[in-house]
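In the two complexes below, subunit A is the common chain; its partner is subunit B in one and subunit C in the other.
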Partner chain A sequence: MATRKLGFVIRSLPYKTEASRLALTHAISSQTVEIYLEDGDLVEPVVCYIGDGVLNCLKGQQAAKHYGVTSIEQHARNSLLLDLNVMICKEDLDKRGIPDNALVLDAEDIGGETAAKVVPYSEIQKVMESVDHLLFC
Partner chain B sequence: MKLGVFVSDFRSGSDVLDRLTAEKLGIIFVGNGVYHATVKEEGKSCPVLDKQAHFYVLTEDLESRGFTAAQVDSRVKAVTYSDVVDLIFNDYEKAIWI
Partner chain C sequence: MGKLTIGCFSSLVGSLSLDFAVKLSEAAVQKGHKVDLWLSGNGTMLAKKGQKAFKDYSHLAKKVQELLATGNFQITACEACAEARGYHKDEMAEGLKRFSMDWYLASTFSADRVLHIGGD
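Let's turn to the complex of A and B:
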């Protein structure tokens, strides 16, 4: 019985490329791989936002209205709804002057019980060291 | 010349932008270029905004990324797609995309 930890580190801005969206999609879908594993084996994804990637977490994204696509904000809410461990780099938020209340930190409005955590970069570094597989995007 | 420049990136293109000169220069932030008009790093506005130019930001791209026109730097005017079309046809002879 083992747990495979997967780290998804999002450093890209949203929308111009699919990088951040795909990271979230893969993080969310990674749990489904358990159907191919032995009984008791688990997959545990962690999503971390660093650098410009923290701008994916802004609330109020109107991508559905203007682009006709699901917003990254909604993807972020879905990741919290599915109890993913989500971390946002505090230093990178501070550098850009982004307050916590501008961020998607929970998905309570759609029944989510897990909250994203604003953490120092050192915490994210620990995650990167602890995971079995690491994906930067 | 009267030159309209579309800027769609946040981290690249500023080296080109720094050297561009025109009798009338318009810089239109679209796509991820909108962060130039909204994000203050270390409390400072984007250096691009210090350039002698007219600045515009596309409202649709702004709102898609979670910002409102109220959060835009005072030197930048929020415009719609229709406004951008008018700018290209009425205010600038040439348009480039960087």
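Let's turn to the complex of A and C:
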């Protein structure tokens, strides 16, 4: 019985490439990974938004309206609904003038009980040092 | 010997990241390691059969088949990413697999090292 921690570090802008969306869908797929593992083994993702990646967390994305695709905001909400550990870099938000109330920090409207945390980069660094594998997206 | 899991989102033609991933796989296999290569996003195009070799473009199909023949290399494409690009199971190159994203996470579970190339 073991748990492997994966750190998904999202640095990419939303919609410019598929990278940030795929990071979230891969992290969310941890919910079904047990079908490939021995009983009791787990993969536990943590999602960290840094640099331009913090823009993925903005509320009010209109991807469905303009592109006919699900928004990254929706994936971010789903990650919280599924109780993933989500961290957003405070310094990178401050640099871009983004206040906390502009962010998807919870998924209460769809029944989520977990909140994303806005934290200093030093906290994210600690997480990056603690995981088994880092996946930069 | 160890196990290396590589995930790649980058496209077959238009970026050399996938070429790098295959070259790294080859180097690891030659040293006796096992390699799982996961293809997602545009990277899934590497799994499509019928790729024609042109000198101006990357052509990795032959190298992939050579690596598969070693028995120490497996390559799996994201099923949803492939379907979204309009190619289906019967268009997969020989020996390559298709699964959902959780296959990749399961591969990382037993990997000694993971290299994730998450850009285009």
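Note that the second predicted complex is superposed on the first by the 137 of 137 C-alpha atoms of A that agree within 3 Å, B and C clash if a C-alpha of one lies under 4 Å from a C-alpha of the other, contacts with A are read in each partner's own complex, and residues count from 1 in each chain.
Basically, contacts are C-beta pairs under 8 Å (C-beta built on N, C-alpha and C of every residue); 3 or more make two chains touch, one makes a residue touch a chain.
This one's a predicted model, so the numbers in the text were calculated from it and none came from an experiment.
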| item | value |
| --- | --- |
| Partner chain in contact with A:Pro14 - subunit B first, subunit C second, else both or neither | first |
| Which of subunit B and subunit C A:Leu58 touches, first, second, both or neither | first |
| First (subunit B), second (subunit C), both or neither touched by A:Tyr67 | first |
| First (subunit B), second (subunit C), both or neither touched by A:Arg4 | second |
| Contacts of A:Gly111 with subunit B and subunit C, given as first, second, both or neither | neither |
| Which superposed partner A:Ile35 touches (first subunit B, second subunit C, both, neither) | second |
| Chain touching more of subunit A, residue-wise (subunit B, subunit C) | C |
| Touching partner for A:His26 - first (subunit B), second (subunit C), both, neither | second |
| Contacts of A:Pro99 with subunit B and subunit C, given as first, second, both or neither | neither |
| Common interface residues of subunit A - those touching subunit B in one complex and subunit C in the other | none |
| Subunit B-facing residues of subunit A, complex | 13-16, 52, 55, 58-63, 65-67, 71, 73, 95-97, 102 |
| Complex contacts: residues of subunit C adjacent to subunit A | 7, 9, 40-42, 81, 100-106, 108-109, 111, 113-114, 116, 118-120 |
| Residues of subunit B that touch subunit A when the two form their complex | 8-11, 31-32, 35, 39-43, 60-61, 63-68 |
| Sites on subunit A touched by subunit C in the complex | 2, 4, 6, 12, 17-19, 22-23, 25-26, 29-33, 35-37, 41, 43, 45, 132-137 |
